[in-house]
Amino acid sequence: MKISPSEFNYTQFPGKTLASKLIESALAYKTNPLADQNKGKGKRLGCIFLNPSLRTRVSTQIAASNLGIESVVLNMDKEAWALEMEEGATMNKNTVEHIKDAAGVLGSYFDFLAVRAFPTLTDKSADMADEVINKFIKYTGRPIISLESALRHPLQSLADQVTIKEKAKTTKPKVVLTWAPHIKAIPHAVANSFAEWTLGMDYDLTITHPEGYELDEQFTQGAKIEYDQSRALQNADFVYVKNWSSFKDYGKIHHTDPTWMLTENSLKNAPDAHVMHCLPVRRNVELSDEILDGSRALIQQQAANRVFAAQAVLSHLLDI
Amino acid sequence: MKISPSEFNYTQFPGKTLASKLIESALAYKTNPLADQNKGKGKRLGCIFLNPSLRTRVSTQIAASNLGIESVVLNMDKEAWALEMEEGATMNKNTVEHIKDAAGVLGSYFDFLAVRAFPTLTDKSADMADEVINKFIKYTGRPIISLESALRHPLQSLADQVTIKEKAKTTKPKVVLTWAPHIKAIPHAVANSFAEWTLGMDYDLTITHPEGYELDEQFTQGAKIEYDQSRALQNADFVYVKNWSSFKDYGKIHHTDPTWMLTENSLKNAPDAHVMHCLPVRRNVELSDEILDGSRALIQQQAANRVFAAQAVLSHLLDI
Amino acid sequence: MKISPSEFNYTQFPGKTLASKLIESALAYKTNPLADQNKGKGKRLGCIFLNPSLRTRVSTQIAASNLGIESVVLNMDKEAWALEMEEGATMNKNTVEHIKDAAGVLGSYFDFLAVRAFPTLTDKSADMADEVINKFIKYTGRPIISLESALRHPLQSLADQVTIKEKAKTTKPKVVLTWAPHIKAIPHAVANSFAEWTLGMDYDLTITHPEGYELDEQFTQGAKIEYDQSRALQNADFVYVKNWSSFKDYGKIHHTDPTWMLTENSLKNAPDAHVMHCLPVRRNVELSDEILDGSRALIQQQAANRVFAAQAVLSHLLDI
């Protein structure tokens, strides 16, 4: 890369201008995936997973390959060593390698890195600082692409916006982000990131959830917050369904009220609503089968668009 | 692919005509592995493992590479999410993603998929329906190659038939499939599949095992069943050694009678018998060292032929 | 390969002449990594891991790619089957496949293999015989590159010597290998191998450790053994820091005396000393942060040189 790596890291909403450009680029690659098949020749992307992944893992590898970039996958959590995050730690416990050492080495092996690092959901301040991805940025000296960090999932969000772009009938569609029940404590990253991008694209965003499930305000400022799901959903164009654990009472599950599961009945006042979800989805817990298997669902389309979203971002990085 | 994916899935015996063609094709690739090195250029194969694998994993990757196909491995059981199989399930337990969602997504990323999905050995009806591989077929919309399913292991069987073809001195060799002891409950797939292919090729097949270890009759019709191993082995040309758990008393181990272990003594009336096994083998439990390390064994040759068997099947898929 | 595989296996110090040639070759590849990018076209390297790995895993894949060699990674410990090592074993326990069968098969799939197999640290005679890597050599029939065996880590040692060569101001620098504390029982391979190479290159080697931590003498003959760390470190040019468990009282931790941790204070009489470590390192247990993050440290440079060390060895294998 010709840039100082701190100049561009794809870890959050990149501003409306670049976001719009990336959306157009993704749509162009969807039409012709191999248009730039030699653009990344000789470049190497390290895909570093500290957590499981299906769509993100495979779509990133395919996106790289479409551009001629060689990708190497490292399941850091299983194939390598447990990482220490704390600066100045005396490492006489379970962690085997400090992130500053591991990240530095990986930076010497790859042109850029893509990193998945879920939040702890127990250490709020570490998660709020997006500690792991930021230490990779600090210590690799290479551009970093987030494959989902504690705070955000920007490749998912780009694919989501590409999907909205493909289906939107107006320039300012009504978008609703609705909380859904789940049996486990789930990160906030997808919800944060979807809100950040949808607001950044100047769409009309309503967020609905039970009281106590308010998201971090830094991501939701400008959205309507509505505790009554049925009122929120009225005349929605796009409904994004997602569970998250409590942010205030950090990482806790307050309740899993099944009436919040999205069904056809929930959408009786939103006849044209498209339904979105990032997957994996708990069927008949978050969403009903009738929605997932019906014509409203854009969920497979979102997943398919992950390839072209990743490809647009990698292509942009090659241009810098 | 230009076909409707339901038209060809390589999950079982494909009929004698095509099987013969695949055997010839495998033998040709064995002579010249790179004869069609650009045939699969631009195609992508997703290799999806729900269980461990050595030979199948590596030989499939190499076969794809020999044809210019790009393969991507996903260890679904370790790198991604636990799959729900039940239609209409309320997913409030351990499974994280429904197979219909995961399979649909993978179908959008790859031109074809290769899937390994062992049986449960506890849920007979699910296993009998070959549930996992059939749901992949149903939901991916892509041709599927079985890397061993609950019922069959057709790439192994093709490699076995290639090996028999290389060594057979007559057009109708005497082939014996013999049960062998083992300490764990083992699937029926290799035995089923070997019987299905050997009968399908019109060879003379005898199956021998202790009473209570009868295989599913759909795979063995036309074979002689003989409970006396030494009588079965007489004048055999090929002896395929394999353990399987009880089918009737599903997934159970009735006994592990060590006299069923194949030794040189077992073959005293089969002087020219070649011995086969799919590996991994429990030495001195299923088979004696003297057989495995002796000149009768075709076992390394079978394993080596796995590359060319997979290559023949992939090449055929590219032709459709 | 045109050689009989037993003719060259890269598992130990290859003699000063070839070692010097490999060091020069690594330095040349560091200047121009793609100088021989088609040299290994059509060759396949199987990278077999029986243990975790970060640097070795990634640097070997990249080195192979730089030479046009296709590499396939198999995490034998996680993706395949537990291996039996004992000749003649009756395999009715936990091991699923004998190494002789697995190695034979892998030898038929690849042109050469790279194998990581840590010691048991409990069975001294098996470890002393370097059982696993030697069985791979015996049964694959292919050249084997050690990715760290029970006794040695020769790719690490070559990278270490490349790093010394880059920094040495004299032809016979003073090199000190110092034991450091650690909380776990750690193998001897890196220490053995570093001593073997440093002595083999005719450098001045002092080894310092608490009494009871003597290394196997076959690797240290010709080195000064000095139980007083501060005396050993005096005027050192290069200080290699490493923990190892007891060799005499095999695999045991006698003590973890924190005064043996290397700090700036330890080096007060070695003003120009460079500090080396193979990583992963336990910060503030083996080495202090001030050293690791200061200008003496060559540790990131050693790790970066792993690519070129592996590349030099692979390139040499292609020449044979």
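Letters A, B and C mark the chains as written, and numbering starts fresh at 1 in each.
Operating definition for what follows: a contact is a pair of C-beta atoms (placed from the backbone, for glycine too) under 8 Å apart; a residue touches a chain by one contact, two chains touch by 3 or more.
Keep in mind the model is a prediction, meaning the values are calculated, not measured.
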item: Overall pattern in which the protein chains touch one another (line/ring/star/complete/other); value: complete
item: Interface residue identity across copies subunit B, subunit C - same or different by half; value: different
item: Size of the rotation, in steps of 5 degrees, that lays the CA trace of subunit A over subunit C; value: 120
item: Centre-of-Cα separation between subunit C and subunit B, whole angstrom; value: 39
item: Residues of subunit B engaged with two or more neighbouring chains; value: 78
item: Of subunit C, residues touching subunit B in the complex; value: 42, 44, 46, 70, 72, 74, 76, 78-81, 84, 88-93, 96-98, 100-102, 104-106, 108-109
item: Subunit A - residues contacting subunit B, complex; value: 34, 49, 52-55, 57-59, 61-62, 65, 75, 78, 183, 279-285, 289, 292-293, 299-300, 303-304, 307
